[in-house]
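Input: structures, listed below.
Presented sequentially are two complexes of subunit A, the first with subunit B as partner and the second with subunit C.
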Partner chain A sequence: MTVNNRFQLRLGRMPPEPRRRGLKPRLPMGSYSICVHPMLLICLVCGLCAGVAFAQGLAPPTNVTAKDTPNDDGKSITLTWDAAAEDSGITVYQILRGTTPETLAEIGALDSAEKPTYVDASVETGIDYVYVVRAVSKTEATEETADSEITEPVQATGQWFHTGKIPLFCAMLIFSAAIVGNIYYARSGKEIFVRRIPGLEAVDEALGRATEMGRSILYVLGLGGVSDPATIASMTILGQVARQTADYETPLRVPCNDPIVLNVVREMVKTAYLNEGRPDAYTEENIFFLTDSQFAYAAGVDGIMIREKPAAVFLQGTFYAESLILAETGNSIGAIQIAGTTSEHQLPFFIAACDYTLIGEELYAATAYLSKEPMFLGSLRGQDWGKVIIFGVLVLGLVLEPLGINWVTTFLQKVVN
Partner chain B sequence: MKRQVPLVLCFLFGIVMILTEFSPHSDSQELYKEVGRWYLVITPFAYVIGVMTLVQVHGTRIRRRAEYWQYSYVVFAGMILMVVVGMPTFLNQTPFFQARGISFGLQSPVFEWLFEYVQVPMEATTFSLLAFFIASAAYRAFRARTFEATLLLISALIVMMGNVPIGDYIWNTVMGETPWTDGTSWARQWILDNPNLAARRGIILGVALGVISQSIRIILGIERSYLGGD
Partner chain C sequence: METLGIWIAAFLTLCIYSFLYRDNPFYRFAEHLFVGVAVGYGIVVQIHQGFIPFAWRPVETIISGEASPMDFIKLIPIAIGMLFFARLSPRHTWLIRYPLAILIGIGAGAAIPNVLQADIFAQVRGTLTPFSQLGTLGAGEIIGAALMVIGVICTLTYFFFSVEHRGAVGGLSKIGIAFLMIGFGSAFGNTVMGRVALLIQRVDFLIEDWLGTIF
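For the complex of A and B:
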């Protein structure tokens, strides 16, 4: 007779009275001992199992390796070890570090559910360290640990070249070679065709209109600093505009958002006026610092537009949310507006509100287009070569990917990342 | 010599700064940070010149009684007030201000009050003008006079309707018998993910190549506009 059968047999002997009174049935005194038996058995089995586990001991982490982290600044060491089985009982790994086996001390911990990799980013370059990974099995009542073997001494060293950036480096070299090659091509005197850019063709028209109307020209460089490529491109266009305003004696007003840009622009416009033989026409106070606050700058430029009603407004450089505030105000005063920016989010606003807009790279092409310098034109041709290369690689990737060849897409992903 | 030294420095620093991008070594990264700090050192000096030009421009306006010259006094008043309140000067030690619990400096309640209740609302006001400017610019841009403007109008209508719940409500009411639901928001997402994203990526690629090209011109000394001349 099994324990369960005997248990039910005892239950069957229960007196019926309590049921009738709606009370819970009570077991007779003698039956308690039989009821506890299975519980005891379960406890016994569990205890035996636990005893066997404790007797075997917690398995220590295996294959623990400590290596200098690749492609870093020499401030970290990476530890790896084999993942333990799910039923190993390990709850957490403790990481111990020391310069000698005697000085080992805990520096961190890792949950056993995580990937068995630990990056120690608190090391000093050039010092030998040894590590131990300690497996910990922790319950409310007990705690058991098992240490791995001590690793070989390892030093953190910095790398001079990031091998993960080789694809990016290659891409940079290819594009640079294309641009430099075309600059040399242009220096040889060969003619280079540049497509018509309406926004730049309109510069003469805008300057002529301002001169005829006897009004000023307002040149806004945006919110970019002097290290912003779009601001540098804008300053170059300003130099070309300043040459013509010097010739026409048209007032040129440049409110600046950045004091360093202000100083560069002053020098640049002054040089342009000197080169045109009109230093007397240069007015330094027409190039001034307004504010470095975004919307205060927008309000200030709007005020200048409303008060002075310039005949032509140039909005060239880096713009953010103030772009439409400026462009719409310029539109409301009837000025001819030529905008140009590399901020793709602001381009729709300029296209909607301005007469001409230089879209993205056209801003960088402006120097070459306006000056017609062969070397600038060569660099422009190099840019186009770059586009052809990118297009070719994209098409190659599209063709090879369905065929299961994915080195092109892998290369492109590495360049982007 | 005045031109050669900056050009040589530009070439050297240009090459070195490019290489720091590819070198994770601590010396390389420290050099990168150090050069950034040099740039920060220059900024305060440039600000002095910036403030000087501001004073010069508005001083001239007041002197010449130019149009709306009175507002230049507001500029001076605002500038002086913020400088006085924002700098922890000897005024913090004067019994007059100490007795009244008034302090000066960037953390002082007066400065914070001026910033929170004067500067921020004024900037927010200017920013909110954008809503009206968007409406007026959209009205002009969306007039269906040409094929491109018509295309723009249709795309804009779909994107706008896809952004509000009533767009899908209209679609589901009209096209309720068909198996396609929420067609307006699907069309909006398709426009944003395909033609819009393709155009944006094209622009970004062109800009990136333009930046490379310009950087090479500057490093090689072909482009010299940043030197303050051509």
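For the complex of A and C:
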């Protein structure tokens, strides 16, 4: 097959001829003239393309807009522009910013494959900024750029309300209404049932045992800070425990790992002793700061357990990897241990090494269970109502989602975002 | 110098591990050293990352007369923080309740919506999402999604406190406990494997790094 024939085959103009030795393939009429033209045609197309490219250059980014980022604290401006075509040749976008068009300077870059949005989080609130997005086409040999038009001046401003959180706010209102309504219900004098929680029934047993043995009670609040819900729950349980230790005159030792938690705990225990009419029995030195380092705290609490051998150990609050170290040591000294945490990774260790464990929300229910105060009982019932709402949402979703009606997941998506 | 560091680290490691036998002076030494160093380090970090930038510098700026009107706002949290020192005066101890109330209020207010968002709504959405694409799921995935829903409903039933756990509620909560224990069991195994890896790392240090300096 000749070179010319190969050209024709590629162009689909000629069926393949059978190879026959010594026979020259027959060409249809006019084929020879077409054989020459493709070469010319390719050269022509290449030349035209190059000419067009040189004439037009790299296309600049279009529709570049700079706007204050919504729902933030006034520290960022968001730039958007139209995505370039895949074959535009743009490799990267450079972002130029200035307070005037004369002071434009590069502040960042964005790969052309990414979504054409850039958040400038290095701005100052209340200052006018202008932007240019520069398209860059870079190869080993050449670099070509094309600048967009300069944007209108824009300022970053903070917002008081995050409008994206409105669905979450509505959900919070519904849950809060359930809790507040039930608190009023409990305060009206109506009785509220609370199911048996074995871990909390053992509190009396633990305190009684410590009193009979003449040993102390060790209360460990974990590593959570004062804003941690589990620590707050733990502190309220401690308040209830302290009321009983005040009555029984049993020493209560509380090593803390957070100075602020220390102050709150001292206040709560002191108030508990005052309420029981035993301010003289309160010893401030028994509630002390150990350290805020995780394993140093664990080593220190272990040392206290081994040396003082408390009869009862309470491990209530937020725990991390030190949970098993503490629970095992408490177990080794024969103390009755009541643990409770919302840290799901530590619960297995407490279940394995402690006598009683409050699982997750049982920790939050403990205050109502121990105190029987209407406010806490009403709050507990309100939380149960919240669970009923979750049940309802689950059932509704299970019915609607398979039918292709995605209201529930769409709403939840908005709440989560 | 490096060898000295390795010897100190090995000695302290062995002191801490001696607790596995019983309480002893070596463990006590390591424990007190550990707690003391951690407290000292914590105080220095707090001074450099908390006190100096957020309390000392703003006051310094105001005293030097370089402060803008907005800088004076920073005096409010500083003054509230100073109330913690009221504890030093028995007559004024009650003042400490104000910063504590503010801290707990802000902390709980910031934490509760996050907990609701991440631990409740995101979980419910995750439970329902497979049901919006049932047609694209395989048999195994559908069974998994159904098990997830059963697990969520039963476990949630266990955490009802104002209802007596008898009859259907009791039955569901028992299944819920079974689901919880299966979850805890797998978490236990997973974490134990991680802890064993930490032990191996420490033993490897003793054998390779420490004994390596002797033999």
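Observations, loosely collected:
Please note the rule applied: the second predicted complex is superposed on the first by the 258 of 417 C-alpha atoms of A that agree within 3 Å, B and C clash if a C-alpha of one lies under 4 Å from a C-alpha of the other, contacts with A are read in each partner's own complex, and residues count from 1 in each chain.
The rule is simple: contacts are C-beta pairs under 8 Å (C-beta built on N, C-alpha and C of every residue); 3 or more make two chains touch, one makes a residue touch a chain.
None of the values given here were measured: they were computed from a predicted structure.
In the superposition on chain A, A:F349 makes contact with both subunit B and subunit C.
Contact with subunit B, but none with subunit C, is seen for A:F161 once the two complexes are overlaid on the shared chain. In the superposed model, A:N275 lies in contact with subunit B only, and not with subunit C.
When the shared chain is aligned, subunit C comes close enough to touch A:R195, but subunit B does not.
Using the contact criterion defined above for the overlaid structures, shared-chain residue A:T145 touches neither subunit B nor subunit C, since it reaches no partner. Contacts of A:F376 after superposition: subunit B is touched, whereas subunit C is not reached. Once the two complexes are laid over each other on the shared chain, residue contacts for A:I183 go to subunit B alone; subunit C is not touched.
Look at A:V393: by the touch rule set out above, it reaches subunit C but stays clear of subunit B. Common to the subunit B-facing and subunit C-facing surfaces of subunit A are residues 165, 168, 172, 175, 226-227, 229, 232, 260, 263-264, 267, 290, 293, 295-296, 299, 307, 321, 324, 344, 347, 349, 351-352, 359-361, 365, 380, 383, 387, 390.
Residues of subunit C that touch subunit A in their complex: 16, 19, 23, 27-28, 30-31, 34-35, 37-39, 41-42, 84, 87, 96-97, 100, 103-104, 106-108, 110-113, 115-118, 120-122, 124-125, 127-129, 131-132, 134, 149, 152-153, 156, 159-165, 180, 183-185, 187-188, 191, 195. Here subunit A touches subunit B in the complex through residues 71-75, 125, 158-162, 165, 168-169, 172, 175-176, 179-180, 183, 226-227, 229, 232-233, 235-236, 239, 256, 258-260, 262-264, 266-268, 270-272, 275, 285, 287-290, 293-296, 298-299, 307, 321-322, 324-325, 327-328, 331, 342, 344, 347, 349, 351-353, 359-361, 363-365, 367, 375-376, 379-380, 382-383, 386-387, 390, going by the rule given at the top. Chain contact summary for the complex, subunit B toward subunit A: residues 18, 21-29, 39, 42-43, 46-47, 49-51, 53-54, 56-57, 60, 67-68, 119, 122-124, 126-127, 129-130, 133-134, 136-138, 140-141, 200, 203-207, 209-218, 220, 222-223, 225-230. By the touch criterion given at the top, residues 165, 168, 171-172, 175, 192-195, 197, 225-229, 232, 260, 263-264, 267, 290-293, 295-297, 299-300, 302-303, 306-307, 321, 324, 344-345, 347-349, 351-352, 359-362, 365, 368-369, 380-381, 383-384, 387, 390-391, 393-394, 397-398, 401-402, 404, 406, 408-409, 412-413, 415-416 of subunit A touch subunit C in their complex.
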